[in-house]
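For clarity, chains are labelled A, B, C, D, E and F in written order, and residue numbers in each chain start from 1.
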């Protein structure tokens, strides 16, 4: 089982969700994060004083999938989250050793 | 060393914390996340317009434990977080390659 | 490629960011988390009733780096986040199997 | 002016000043126009300065209910913010209609055996733009509206006792019944010519009995009958947004000037006195609460300041037209200290009066009513209290306090028991866990 | 007093009461000091009670614009909170200057052909501390300021239609033009001696036509021309903070007492009547809205309560000086129900009137204007409506409603079309995605 | 009416109108009742319209302090929100008690050598429901309360200079001392019969010197002595919630109508003038600030609009009873521009006046005081300024400004130095990092 962590632009969340629904991935956890990368942050002005805010709002998706779904999920996310502008985000893949469903105590692939 | 990531219902956090205290796991990091899975979100109505909100508030726990504590910690979480209703959440286990305690610079198991 | 997850004190974020800038690490994702560990939380009083709040505000950094940058990044974070007081936080290292840049679809080390 | 002596004294003087020569003159010059002769005579007594002050006072008292909504709303968990605010907001709607249809009449209609008002004002019949028997220099409509605002905030105060768990539909029914069979009789007894005001001659300038003791006693009944919140005592339930609470306290304070100084029903020295002592008591109570909290818990809190302010305002309410500024320092400071301890008692006794209605309004109102019997000074409001040589005043106050507590507690308890057996009082466990906002209203406060 | 009959009746009486013997006397005793003879005579007519009430009413109406800012601000997404609030806030600035320089004169200057006011008050020439032709017992400055507050809130209301996407610079230009060529003529027609008030004799006590229908009609034009928000209909756009919205509704309600009861321009029985029916209509409308929502969507919401309150306040506005309390229950309850359905129509018709200005102000104002023609009672404001045997009143109301809709819709549409072709109306797509706060103002609401 | 000339002119006229025949008549008819003969005579002078206006004005000015709490609170980081709000809130408590016990007497007691008030009003002795030497048509209590609200907000303004780092216990002591030895003397000099008002005859209608320059000068001393916030200049410290700041600005604006128009101490043409110019100046200042900001930083901000509004309100304060509406446009617009640059100077000079008290209140108040000497027009308030041919007025203003700056700066600096050496001024470094809410009050604003 693999864990996909994707950092995307917040306003893309609905499209990404739809793309994942389509391929049958329905377990998703999201959270608000802030990021910096090539996209360099924004400048805010308060009473004439400029503040550079290096971090930009992003959404992080965490999705655990079976190995066979991995590629499908990656490309669903990549395509739906893409704007071709800087700051589109990243997808990271990590290995998951075990999964437990809290409700039932089931383990392994069945629990995903 | 292993990292446990558990997604639970927010109102269960106190019970889970207590269960972990009991088995001597005291390093915990939590954050507010939203999730979807089998539990299908909620419908809100604003001035007659219905909005389906697919994501439901959850809490994510991140706990890094020594390998020997893994099973104990998993079952403590699983039991204390369980309501036997849909949406109870998941526990994921990932491998951790290194741990550093920032205060001291210690590394490895001692730093957990 | 490795993923560094660091839990730090919130007011240290600017220093850590600067230290990472210096060594050329610019892709960073941060989020607000709460933690407990040796530092034992705070007590708040509302109308004479005391509440113990076990979790303290922290910031989590997530940084994916190439293997060769790992040590440099770890020590940059460790040194800049350190106050030598309890609660300084932890650095965890996990293995990353794949990275995709959403904007371009690039994969692997190039995408980091 | 809620007290007959005063009413007469100021009312009389004002009437003479305004109407003696002028109204005679006016009578001759004016053509009677669309108004009946009778109405004309009445209209000519209306004082525009008094009317201006009571117009704005009425608006100020209206604002207190949203102020209360924020005050309470800030103290609950964020999942219950809308549910809590709604309990106040909907009181504005429900009580208004009840008041117009029958509430005002039951409270202020022609007295029947010192017990209840008659039906003469049902549907606001016989109430109009001319002045009426109360507040003789302002339009009767205005007096009715001013009193309405008091009737609105009183049940809204009670909601603090059962915050975060009460069923909305049952609350609506509760509102209608409670106003009708608890508030209206009590208001009549004290201000409408009933036994407390007219026979016992107990003093209640702006609602120590009618508003604060009645809501405090009802809150105690409610806390006992509705039961504790799920997880109470085990889980921390800190206020989710104290800025709302502080803003609410500020709006309450602001509105209280209308509440107390408006209760003079005139724009005169008595109103100024009520204004001044109201402000001072609130200030003193903040200091009282913060001091004792600082000593007891080593830190003075913002919630303590807000709570102290309200405690002081509550305590001075019955006394505002009868005591002078130095007395108000004492009344306020003691209120702050007393309510602090009263609030802390709650954890000993084991009921979940979630937002401390009993501790603040019940205890604060009781102290205020008794303090009126102690500190009242004839030079201020025409009546002396114990400290100015008149022990009878204190006796009357104590009797009225006991009567109000017993009456409000008992009848509220009966109402709630009956509702509990019929509609049920609480949301489901699941609803409580999810929060009132989603379970009762299908919304979230913050997205 | 927005109606000539009333103006005469009360104004006359008051004048006599205050000035007959007294002002004669005063004339002899006083030395003329720095004032011209003429000014003296005028000043002596000023009634301090009336002035006190209109001073505070003016402040209350001013507060409604920030109240609206919060009401609207809570309903948008958090990335647009400041942009939304700014649209109201800056109206306070821009409209004030326009009004002082030429707006007041166009609205209330000496009538030209029942169409527009003359230039006599340009730059507030001939307006001063003495009383003027309107509100003869208060300083002319004060009448001007009271009217100014109405002029401010009206365009601010429109902003709800194009929330979350309008360009700030274009909005500023829109403000100046709209006030000048839509608001001022309409205010003149209704209140300044123009054809609607003086010839058609349609009734509009406090701005059903001038404020609510005009903003509602303009909002419809704006929603159609500006176009939908990006993602509208596909993406959920729930309110980001309903506590702000409820607080805003409370401030609107509070301010509306000044808006409606202040429109009596005196501190008298008519003001009291307006006050009372305003409050009652709002209460009834909350219940109306909640009831229908409960039936239709199975839950009564906090946003519904806030929306209902505003709908009721809107509907009673034109009627406040002409109908009694029981009528106001009907007017309010129907307003709540009607506006609920009007708001829901939006999704059928396909325009994005983001915060429902058409459904609440357009429809509510229209209902109120018509209801005035139905429920007006001579015993309240000197004019009867259909239900009291005078069908002509209804005809006049209907004509005035149609005129106001057509005029405001057409002229607003032209203004926006021209602006669209020149400056552009919307922020860039990127700006809209990022949010107005960052793209237009370089700030974030919350850090 | 803060100016002796005006006091005489209007006061005189009103008195005659109201009292001549009537009070004579009243004297004969009335029975003296509980009041001494002397009091009766005084009471009969009380004008109910004036009293109504000052009652509500006093409430409005009271509301400004919570308004300021929100205005400031929104600008700090969220960990300091309660600490910041508390500094304003507790000023309501502390200053009230000080004022009642000795502050009012020092400020407005019988003048001693044009320097300080005597002890005649200690503990509000000799202050009562009758009218007093100030505001002769309203109860003396009311004048005292109105002045109290000014005394409360002034030190609360200062807190912006040392936001996010001041020790609560030291702040309480600072409050008591500062009111006693800075505010009271200055208030006496200007309004209580002291040298600035009575001999120099400098004009200060509603507190340009007493409130704004004094707090601005004190803020400069405080910023220099207390020192910078930890991390200032290195770390971004953006406002945590600008909606609070905008709401606070709105409440300040609303309250300022009481502050300025209430300072007429009567419900008359002068009050109306003050009301109008107050509003206009605020509007013009918003436009001034936004314009210069737009040019300078390419975006007009919401914080800029709020700041501009306050700058305009500050600048018009001393002038409100002396200048007309067109002058107020100039005064306001210049205030907006000037304060924008003043605020930006801060980063050049290197002190951390965290919330820009010096730039807004110090500079704005100074500009206002000077502008009064320029734009005052005899037709408005009986005195002409330079532009109306009276250069002496300007000289008096300049002298008064210098005196107020020097006095407030020096004495504040001494107070703070002494406190620094005894109690310490700042919280610990750790406390500052953690935030005032937890370290000083043991609470969090938001949970």
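Quick note on the criterion: a contact is a pair of C-beta atoms (placed from the backbone, for glycine too) under 8 Å apart; a residue touches a chain by one contact, two chains touch by 3 or more.
The model shown is predicted, which means the values in this text are computed figures rather than measured ones.
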| item | value |
| --- | --- |
| Chain labels contacting chain C and also chain D | B, F |
| Same-residue or different-residue interface between chain A and chain B, half as cut-off | different |
| Between chain A and chain E, centroid-to-centroid distance (C-alpha), Å | 47 |
| Cα-centroid distance, chain E relative to chain F, in whole angstrom | 32 |
| Sequence positions of chain F contacting 2 or more other chains | 21, 47-50, 52-53, 56, 238-239, 247, 297, 299, 301, 303, 442-444 |
| Multi-partner residues of chain A (each touching 2 or more other chains) | 31, 44-46, 94-95 |
| Each pair of chains that touches, named by its two labels | A-B, A-C, A-E, A-F, B-C, B-D, B-E, C-D, C-F, D-E, D-F, E-F |
| Interfacial residue positions of chain E with respect to chain A in the complex | 231, 234-235, 433, 438, 442-444 |
| Complex contact set, residues of chain C against chain B | 2, 5-8, 31-38, 54-55, 58, 60, 74, 77-78, 81-95 |
| Chain D residues within the chain C interface of the complex | 236-239, 293, 296-297, 299, 301, 303-304, 307, 340, 343-344, 347, 356 |
| Residues of chain F that touch chain D when the two form their complex | 21-22, 25-26, 29-30, 33-34, 43-44, 46-53, 55-56, 58-59, 62-63, 66, 69-70, 73, 81-82, 85-86, 89-90, 92-94, 96-97, 100, 123-124, 128-130, 138-139, 141-142, 144-145, 148, 168, 244, 247, 437, 440-447 |
| Interfacial residue positions of chain A with respect to chain B in the complex | 3, 17, 26-31, 62, 64, 94-103, 105, 111-112 |
